[in-house]
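Next, two complexes with subunit A in common: one pairs it with subunit B, the other with subunit C.
And now, the complex of A and B:
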């Protein structure tokens, strides 16, 4: 009799498990001590290790742990940093911003922000109105065409973008190069520089644009330069510089370095993998970035009740 | 064969097996960008129905990139294990799914059949599987490899320590490494993505990491993820220690050309590692892949990104790698837009790689312009762990300060291990216990104390 055997088996198991509550009573109420303070490291609250770490890296080290997880303060700082990055991604260049800052306003074929993220192909070409405006108003046949753009951080573009554009323009002109009408492109990807450069007949196109935000930072700019710009250029045809911000390469220094790069492209009549950079080290000097140490301190974002 | 199915009286016709494979794919922004995705959910099911009736032999006869045009297709075709292939060739893709899920189909049986499968077959069956299907079979697959330690044993989950630094400051790299080790991370590899792609900088970082591993007698591997030609120069000319050699792979010859590699070049690198590599072996290579990389260089040949990803694994398995890692959310929202898409892709890649015999890890991650929350990312790490993923990444709070994206943290690794009752590789496990970092598989007295490592 299968059924009765099953019943007997379960009855025996029940007996073995006992008839009382399935859990023993809770232990006597413990004294719940507030845990020791563990905070996101700042200059005034650092372990010896975190202090050593902050001299060498912005990596978030020496934050301790609660079990295997983060302390509450670390969680909140982390969430604040994440929110800052997301805010930078979601920001858009206001429509009047370019004109207010004396730049010729252009935009790509992208019509709204989500499309900008999902359709890089549309961000690489100008819309019809921008193409007409560029043809009508921009100077032709220049050595270098600078283009300021939002890229993936309008916050960075509006932050140190103007300083980088000014420093790059000044450094180019100081080297005797002709510089085109200052432009600003919205919803722009790197390759948009190819079409713009071709339309104005520039020998070098330089697009300065907001880079993909990092945790707690949305202020980084990258620059991409290409010789003889035209639609169909690939990444191998370009030279780039990233991490242009206060903790990386500051705009002043970056502008000089990029001007040296543009000059080399004009001399060698090429760019990208074909460009020989070996002779540039001495020209770059301080701009080469060797020996420069940006401050590595990570900024605390949240203060309660202050 | 008629590539046709009818749903509620509407009939759907497909022009090619490549089109069926693409339209059967779970919704991905990258397939939409490529213009190969199903137009709606019903057409997707119709494509899956057609796919389920195709035989594995038909998939072999119709690779998504023709034999004449592509060295990866030729590599797969010319080196396929014919005996293993004959055992499965008459199964339909739907039957392969069921065979893989059967209780009687053990990991050992899958391992025997694996050399007879082409990437298109792995991709095809993947498209018929739900996330939990992918996890159940992924967990069954047996892939165990050895370099300085032994990775992929049951009940084990490892991690790559990723102490990247924006200017390759060696002191900064070592500080992050020490802290990561103190959380039990780094048994898959201590692997640095360099900011500067030079042989000198590669050798400098490898030498410093090697010294740290020697000083503390740590049974793990190290690697600097510069371009393969740069690592070959560091190894052959500068003679630095190098446990694993790294390269990113793509799923077509054309896409690999954009990466500056070919089968011949990786063959040469592999031979060099067998001669000069410093790990005990026999496995000495480390590859990274990720859905969307072929499309990003416009070298996808009209195929979907899951199939192109599987073709990377067809390339990788030639070299018996110690690690293969799909960097699932790094490429951006134009390829994988949301948490659901990134989660799905991570489980797909893990499954396809394991099915093709590779020690798959996953960089479960997002960039800050993708629509994935931190909570969704934490969930994916647990799903991958439950699916038997060989290893995850580990960084301070998951924040890569050089590449600007969010991945797994030092804290996540012991957390996932605790949830799933899993341990690091046996050799590394013993070292952690000896160093007091872990005690009986739980955090020990020196847990999280970077000063435990000199």
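And now, the complex of A and C:
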């Protein structure tokens, strides 16, 4: 195949003039000498100010005393964490994973991973086979329907997803709530919980899914809860918790807080902005309060060099 | 055999990462803006002009020097002289390296002369540039990004073929250089939309082939 417009035109003219013997193949690309290898300094900054400052910010980049560019170790750290995020977005939940872990496997109308990234609308509805399986096999009329899903990080789903699902289920049952058949949805967006919740007649639908990876959080889960799920619910009708991972809110603690939220929804018969969290401060901790919070200590997901 | 590509042979590709200011000035570069030079010689001049222009589309480089040698590659001053010396200049050696890579890609896969006769002695260059870089656009007096037909042939073939090209499509002559050039060819730059430039180039090539087949028309009057 030729990439040259002119060569294609002249080959067509040649054909028209009656010369049909094949043209000789194009030569391989000539080699260009590679640029010289760059050498980076390996010494770490010893500045006490920089160390103190980095303990009190989530910022990844600091320019330090290096002129009009970033310090090399900072750039390498940035690239390493960005690579983790890229990998998490690109990861795909294996087809047999749900069944292997005893979950009822569902999938959205998305057919492949690229379509999943480009078509959020398809990720919000179940495909016909999943709908039939859900109707046939899932328990109906439960208080809480938990749904584990890949979302934008299958890595997070496969990592701490089962732990979060187990702790959430245990905490809900401990509060006397009936919990639906554990489900696992592939290629799922948050709003898929609306359709699933409506089909099984759950009072609260809880979808636990990999969150959009940021720098340093390729393994984070988010949970979205909605009362009286049905297609057409908006984000204003939901309560959510993000940063569920080892360095944020650990799955054990998150499961307890989510169960408290679900119980409050059932009591108040609402969710989202209408839900009153003021009485839950003791259970939800600082998540329900509006007071002063201590600065977050940044924990790195990847360690570059040493 | 007819209209086979005659592939240009790159005879030298060299890079001066930081050239002396006197050399920069002598070759038309500006020592205030240019540090690094990329040099190429080739046995076909017009494909190299196109390839130099291609380099300006891929890297921040300027074509500071590009001249054909007298009487062409058949009468070169040395084994590495070929038919043309082209020089690109840039502020960053890596940019110049990228420019050279683009230039070589263009010479290997796009711009080339074609044989207009069965013996392979008659060369025609009916090239369409879909989007001009800032070198040839300056030479031709057109805007960067416009399409252009770059047409070259020996004197008699060129004259008849240019007439055919101008009549074949809605193009205007941006520049016509009648024979002889330094290499004893003649060339023209035609401007128009891309389909027009393509139609003109095809008509040009077809006319050169026709002249090659029937150089001595019997008297019709």
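Of note:
We take it that the second predicted complex is superposed on the first by the 221 of 306 C-alpha atoms of A that agree within 3 Å, B and C clash if a C-alpha of one lies under 4 Å from a C-alpha of the other, contacts with A are read in each partner's own complex, and residues count from 1 in each chain.
Assume a residue touches a chain if its C-beta (ideal position, glycine included) is under 8 Å from a C-beta of that chain, and two chains touch if they have at least 3 such contacts.
The structure displayed is predicted, hence computed values, not measured ones.
Applying the stated contact rule after C-alpha superposition, one finds that A:10 touches subunit C and leaves subunit B untouched. Of the two partner chains, neither subunit B nor subunit C is touched by A:96. Contact with subunit B, but none with subunit C, is seen for A:152 once the two complexes are overlaid on the shared chain.
In the superposed model, A:22 lies in contact with neither subunit B nor subunit C.
When the shared chain is aligned, subunit B comes close enough to touch A:74, but subunit C does not.
Look at A:248: by the touch rule set out above, it reaches subunit B but stays clear of subunit C.
According to the touch criterion, subunit A has no shared surface contacted by subunit B in one complex and subunit C in the other.
Here subunit A touches subunit C in the complex through residues 2-7, 9-14, 17, 19, 21, 23-24, 26-30, 32-33, 35, going by the rule given at the top.
On subunit B, the positions that touch subunit A within their shared complex are 29, 32-33, 163, 165-166, 169, 171-173, 175-176, 179, 183, 258, 332-334, 337, 367-369, 374, 395-397, 399-401, 404-406, 411, 414-415, 418, 443, 447-448, 450-451. Across the complex, subunit C meets subunit A through its residues 1-5, 7, 10, 13, 15, 93-94, 97, 100-101, 104-105, 107-112, 114, 126-128, 130, 198, 201-202, 205-206, 209. Those residues of subunit A whose C-beta lies close enough to touch subunit B in the complex are 49, 52-53, 56-65, 67-70, 74, 78-79, 81-82, 85-86, 88-89, 117-121, 152, 211-215, 220, 234, 236, 243, 248, 296.
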